[in-house]
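The first chain written gets the first letter, and so on, giving A, B, C, D and E; residue counts start at 1 in each chain.
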Amino acid sequence: MPPGATKYNGHFVNIDIQIDYIEYSATHYKHESSSANGLILHPSIMDKVQWYDIRGLHDENVINSISKRFDMHPLAVEDAVDVHQRPSFTEYDKGQHISLKVLHFDKATAKVSREAVSIYFGTGFVISFQEREQDTLQPLKSRIEGSKGRIRSKNADYLAYTIVDFVVDNYFQVMDFFEEEIETLELTISENSDNFDKTRIYELKKELLKVRKSISPLREAINLFSRSESDFVEERTVAYIRDVYDHTIQIMDNVDSMRDILSGLQDLYISEISLRMNKIMQFLTIVTAVFVPLSFLTGLYGMNFDVIPELKYQNGYFVLWVFMILLVVGMLLYFKKKKWL
Amino acid sequence: MPPGATKYNGHFVNIDIQIDYIEYSATHYKHESSSANGLILHPSIMDKVQWYDIRGLHDENVINSISKRFDMHPLAVEDAVDVHQRPSFTEYDKGQHISLKVLHFDKATAKVSREAVSIYFGTGFVISFQEREQDTLQPLKSRIEGSKGRIRSKNADYLAYTIVDFVVDNYFQVMDFFEEEIETLELTISENSDNFDKTRIYELKKELLKVRKSISPLREAINLFSRSESDFVEERTVAYIRDVYDHTIQIMDNVDSMRDILSGLQDLYISEISLRMNKIMQFLTIVTAVFVPLSFLTGLYGMNFDVIPELKYQNGYFVLWVFMILLVVGMLLYFKKKKWL
Amino acid sequence: MPPGATKYNGHFVNIDIQIDYIEYSATHYKHESSSANGLILHPSIMDKVQWYDIRGLHDENVINSISKRFDMHPLAVEDAVDVHQRPSFTEYDKGQHISLKVLHFDKATAKVSREAVSIYFGTGFVISFQEREQDTLQPLKSRIEGSKGRIRSKNADYLAYTIVDFVVDNYFQVMDFFEEEIETLELTISENSDNFDKTRIYELKKELLKVRKSISPLREAINLFSRSESDFVEERTVAYIRDVYDHTIQIMDNVDSMRDILSGLQDLYISEISLRMNKIMQFLTIVTAVFVPLSFLTGLYGMNFDVIPELKYQNGYFVLWVFMILLVVGMLLYFKKKKWL
Amino acid sequence: MPPGATKYNGHFVNIDIQIDYIEYSATHYKHESSSANGLILHPSIMDKVQWYDIRGLHDENVINSISKRFDMHPLAVEDAVDVHQRPSFTEYDKGQHISLKVLHFDKATAKVSREAVSIYFGTGFVISFQEREQDTLQPLKSRIEGSKGRIRSKNADYLAYTIVDFVVDNYFQVMDFFEEEIETLELTISENSDNFDKTRIYELKKELLKVRKSISPLREAINLFSRSESDFVEERTVAYIRDVYDHTIQIMDNVDSMRDILSGLQDLYISEISLRMNKIMQFLTIVTAVFVPLSFLTGLYGMNFDVIPELKYQNGYFVLWVFMILLVVGMLLYFKKKKWL
Amino acid sequence: MPPGATKYNGHFVNIDIQIDYIEYSATHYKHESSSANGLILHPSIMDKVQWYDIRGLHDENVINSISKRFDMHPLAVEDAVDVHQRPSFTEYDKGQHISLKVLHFDKATAKVSREAVSIYFGTGFVISFQEREQDTLQPLKSRIEGSKGRIRSKNADYLAYTIVDFVVDNYFQVMDFFEEEIETLELTISENSDNFDKTRIYELKKELLKVRKSISPLREAINLFSRSESDFVEERTVAYIRDVYDHTIQIMDNVDSMRDILSGLQDLYISEISLRMNKIMQFLTIVTAVFVPLSFLTGLYGMNFDVIPELKYQNGYFVLWVFMILLVVGMLLYFKKKKWL
């Protein structure tokens, strides 16, 4: 693929493209939905925020017309449709681009799937690009419509911040799922049950690495965002962005300590297996040590030598029984002392 | 939850809110206690430090009135009631906010629990937010009342420092508990007793991670605090803050070396299990190796062939005994040489 | 070897040297191929990019004449023919030199081989040095000829960038191969099959280290490239170079998380082996524990004492059978309870 | 403990306090010893260095009078008597304070003990605080008296440097002890002797962590010392301080590589145990595999069937012997091939 | 030892000191050899480089006279004779000092030994200090005499660079030896031969740590060298020093990835041992499981009950044989299914 290709490279190529247009100020709210064909690009409006939310990225016409309308840098367009792009923040002359990953945790398989979401914003407008049909950002839209929070009285940079904050909040939920999974693992190991699936630790570690690969660059991206000195980010928004930045650090901390905890669980599991082995071997050893000498004795008096004096004694058989019982008792006391019993 | 929500998100929602108001200077001391309803917000007083200590954060009225009185930034208010907030230091126009975690070590379960404490301070005032009813900061208040230390002659920034210092001192105590636990573990492993609870190492490591997650951001927060160039922190207080900063580094060092020590204990435990296994196997092997050949011999002369010349010898049985004893002695010498005995 | 030696130190010393000369602008395209002898060095042409692509580096005449023509710094020449040179970016007075490694992944052996490619460029020209006969950069040439992408309208620095980008894209393909290999390993371990080749994890780790040794310095080199403040790199190219830089970070992330995954696989494999051992031992223990007491009993009644009352009972043999069957059933229930069965 | 407490918190509270006063210049030398009661504080003398060496820190009077005489900052006094203080360098208005740890390695127990030593120095004077009675710094005093080295012609900052250098030299000796211990461990493991104390690796690692906790902050402290821009440190002394700084880095390197070596030893020990296990199991398997079939055969011909034709053959017994010997030889050859013998 | 001692602290105290004096410019070359007694110190000569190469450092007279001649800083002299000094670069007023370690790899024992070499240079002169009699730098001298490379036309700083470069090249050779050793280890493990020396991995890791302890500070030293802004280093030499710097990074990379590879080998070896254990146990289990039931059966019919009906059947013995054979075949099929065979 030549650099500069503006072709969507993800899996969602057959979905119906849906475009939401939301226009708001403290006192005003307008919402339009359209398909790819019906896309209308409005001119900028003073003191209003314009938000284009595009769901479905496979139609080059849509991408091209929107990128032309907002004069996006070719690289910003590329990043918007490149779903393998790692989270990043890039400043261009006419706007700023933020690539994000929304994480979904499937509880059944304990797998994390990643959805690419990116936003491009400048003075008075935000464009969000989602690759799936279902609207991850729906709660945000309701909040704007319902005028909850302080968002309606702020500008486009605050909307961009809100989207980023929304995505980061989603990470906390994913972390909670991991925490639950780890608690389940702890229980299963300590209950010693054979239901324990040894690959689970490995898989959770792998999924955590996926989360780490999303959150680590996201942290850097938000840091850059908070330090942006362009006109697109107002001074008063910076404190909020620093706040999200702190959240990403907290998530990083969580991911790292969960990885440590999983390593600890792996060690615990290995100890567990080894301990069980010891117990199996102790049992085997006790059984063997108790019966092998007895078998020797019975073999001894099963021999056919012409002369074996003991065999002639009237009470030989009963004396042997007493001797064998004493032997067994002695053995068991020995194992008791060795703490094998 | 929309950003900007000032709702307490912890567990202590049914407690009676208690508010302490302390006003002091070198020569003056006043103390008022009230419930949520009786909260009186005093005007600033020149040359006196005003300390509001709020215990119980679930009443939005209290939070709102105090935040309005001191013109707190919305994010500062959020952080004060967000108990999941990691330790942080943030400068705002009208004051500075410090989020802290007080750690409690439960000796019975060896679990660490974390209590959110945060302080907001500016010129002449400090507000402390505790989520629990019992007063963690009580000793500090007594010290001020008793005029111990140099605190009464200093300003609000020194009180803020003193609270932080108090919390950090609490970490040293938690570290001491960990040290005791580790010493107990060492003893249990080396005494080879089966009382050893294999999950203990894992759990201590996990609790240490919790401590680390509190102390590591705290260190950064205190560093920022010591470098604050706002008017709220006097030059002469900085040396003291640097001193607490050094303490946090020391705690970090301790946490990290304890984690290394616990890893070492894990290795030691694994060696221990493996060594025991070797001993079990040696015993089994010796028993087997001694008796299996003997059993073969007894089996040999238990056969019913018409012609087995040895069976006819007058002393056959006794000769076999001598041979078997020699065999056993030889075996035991062999194992002695192999150091299995 | 004295420093300053301009001798090729790789394996490809017997190949026929091939030189491509490509000259282009937005509207113009010329292509000449020649052997070592036929090398023609063209004068600079205003507004046109001149690209010399040299395949085969063992002929000192070729290297010398080209380095003289473009007034290359002795160290740049050294680096061009030193195939053990790690990826680097160096600025000289008359041009800039970039050392690269192209990676080839052999799917059969899962081995990575590295080919040294380096480029030297200045205003209006790029020289690329490849040590092998086959042309790794062929797709790039076709793209220029076909005028695909925006390359034809840009200058030499953009061509240099394009070559670097092309090489970095090649790393992504190698990463894909590794991912496939890891998936295969996961399957083989979890399917518990004995086909699992225990050295595979080790070898993949080793190959990843090779990739890391190429990508890590490459990242630094591209970082320097993007920060170059010389006249050779235009301002508008920098955004593109930053983009490749982001790709190298992404590859580093991938390499590091793959190494973590492989370590996890190693742990998983060790658990697997230990678990199997436990199962083998359980089986052995069950067989032994069931039959050893039975054998003792048969031995007991195989003894030749004159007086063994049980032997005289009419139903002795059948009673023993019942007893033995009860014993076995009891044993099996015991093992069932212990979850060994 | 309120901050600002100047109370000694170590174990040496019953010792007799001893104070040495040394006054020197290139041509002058005076030495006075006194007890806590006899402490005389001399006025500053131009061109002479005054060194107060205080051994025993539990007497607040001594500490207070000396800190008043030299106008020490409260925090400097606190640090002087706080023996849990980590190594640090702090600049105050009237002087500079350096906290150090002297390490003692007890060869019998292989334990490291730490003694707190700190120095406070300004223009023309050095005060050293030692918590123990015996004089760790004695060799230094002799050197000054004997006028060895260049110390007599230098100022107080050089004396401070010399004390620090002396302490750091002491670390090298401790490192040598560790090296000896490690060599002993290597020998014991490779000699395969059962004398090997498996806890030794763990304990050495733990002691190394103690050293690390002393040397790592010391390195930072000396770095700050060397960069001090106050008037207390002369330009010409800086090169010497940088030299000690290099030594601390070297010690850090040693500590870290020793920890790596100990980890390697742990791995080696685990391999060793596993290998021995394999040998034990091989032996058991050989014994079992050789005798179990033989016992079956003897059992076979010990049966009491009415018709067992082999039992009637004249040479049955001898044929069986031949067969059994061939069986054993075959087995042994098989194990030879498997390299178990 | 007081600081400032200029006493050689290495092992080579009985060797004959040899001093080479080389004087050269582009057109001039002079070479003088002398013993310690015959040392002649020449005055500086404009436009010529003077190189004193001293082999054997135990004679304080030689060291003192040369240090006086070139007005060396006391610390530079100390470092020249302190063979435990880690690699470093220090700038003094009258010259610059570089401490180096030459590594020798003994193929027989796979041990690395380190030789201290240091150089002091200023305008027009270089002094090199070697502790051994044999001349490590001989090839360099021949190169200067033979006027190979560009060295003759450059100044003293270039000679200093050349010596450093020569030493660093020597590290690459040592790395090659390590690579060979690792390849041998890989082969030995995978060939499963018992010749594998389990301590080899440990020892190679230890030797690599030695190399690391030399190369890591050397890298820093060369970095400082390349950034030196003194008059002793010409601008045009800097590119060359950066080139050596890149080599040291490459060596560091190699050392680190070799350590990773050795850790991988350790893991592989542990897997190998465990796998073998599994095979031994499988074999033991099969033998036991096959013969123990058979022995039970033979024991059964060896009993002496008056009534055992089976014993009276004409074909009892033969039926038992058939039954036993079926049993064995069933067992073997079972183990086949379990993949133990």
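As a convention for this text, a contact is a pair of C-beta atoms (placed from the backbone, for glycine too) under 8 Å apart; a residue touches a chain by one contact, two chains touch by 3 or more.
As the structure is a computational prediction, the values presented were derived from the model and not from experiment.
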Message = Same residues or different residues where chain A meets chain B? The copies count as same if more than half of the interface numbers are shared.
response = different
Key: Interchain centroid distance [CA atoms averaged], chain A/chain D, Å   = 41
Note = When centres are defined as mean Cα positions, the distance from chain C to chain E in whole Å is 26
Key: Junction residues of chain B, two or more chains touched   = 270, 274, 277, 281, 284, 288, 292, 295, 299, 302-304, 308
Remark   = Around the ring, chain B then chain D onward, we get B, D, E, C, A
Request  = Flag every residue of chain C that touches chain A in the complex, lowest number first.
outcome  = 143, 148-151, 162, 165, 169, 190, 239-240, 242-243, 246, 249-250, 253-254, 257, 260-261, 264-265, 267-268, 270-272, 274-275, 277-278, 281-282, 284-285, 288-289, 292-293, 295-296, 299-300, 302-309, 339-340
Query = In their shared complex, at which residues does chain C touch chain E?
reply = 1-5, 73-75, 78, 86, 88, 90, 92, 194, 198-199, 201-202, 205-206, 209, 212-213, 216-217, 266, 269-270, 273-274, 276-277, 280-281, 283-284, 287-288, 291-292, 294-295, 298-299, 301-304, 308, 310-317, 320
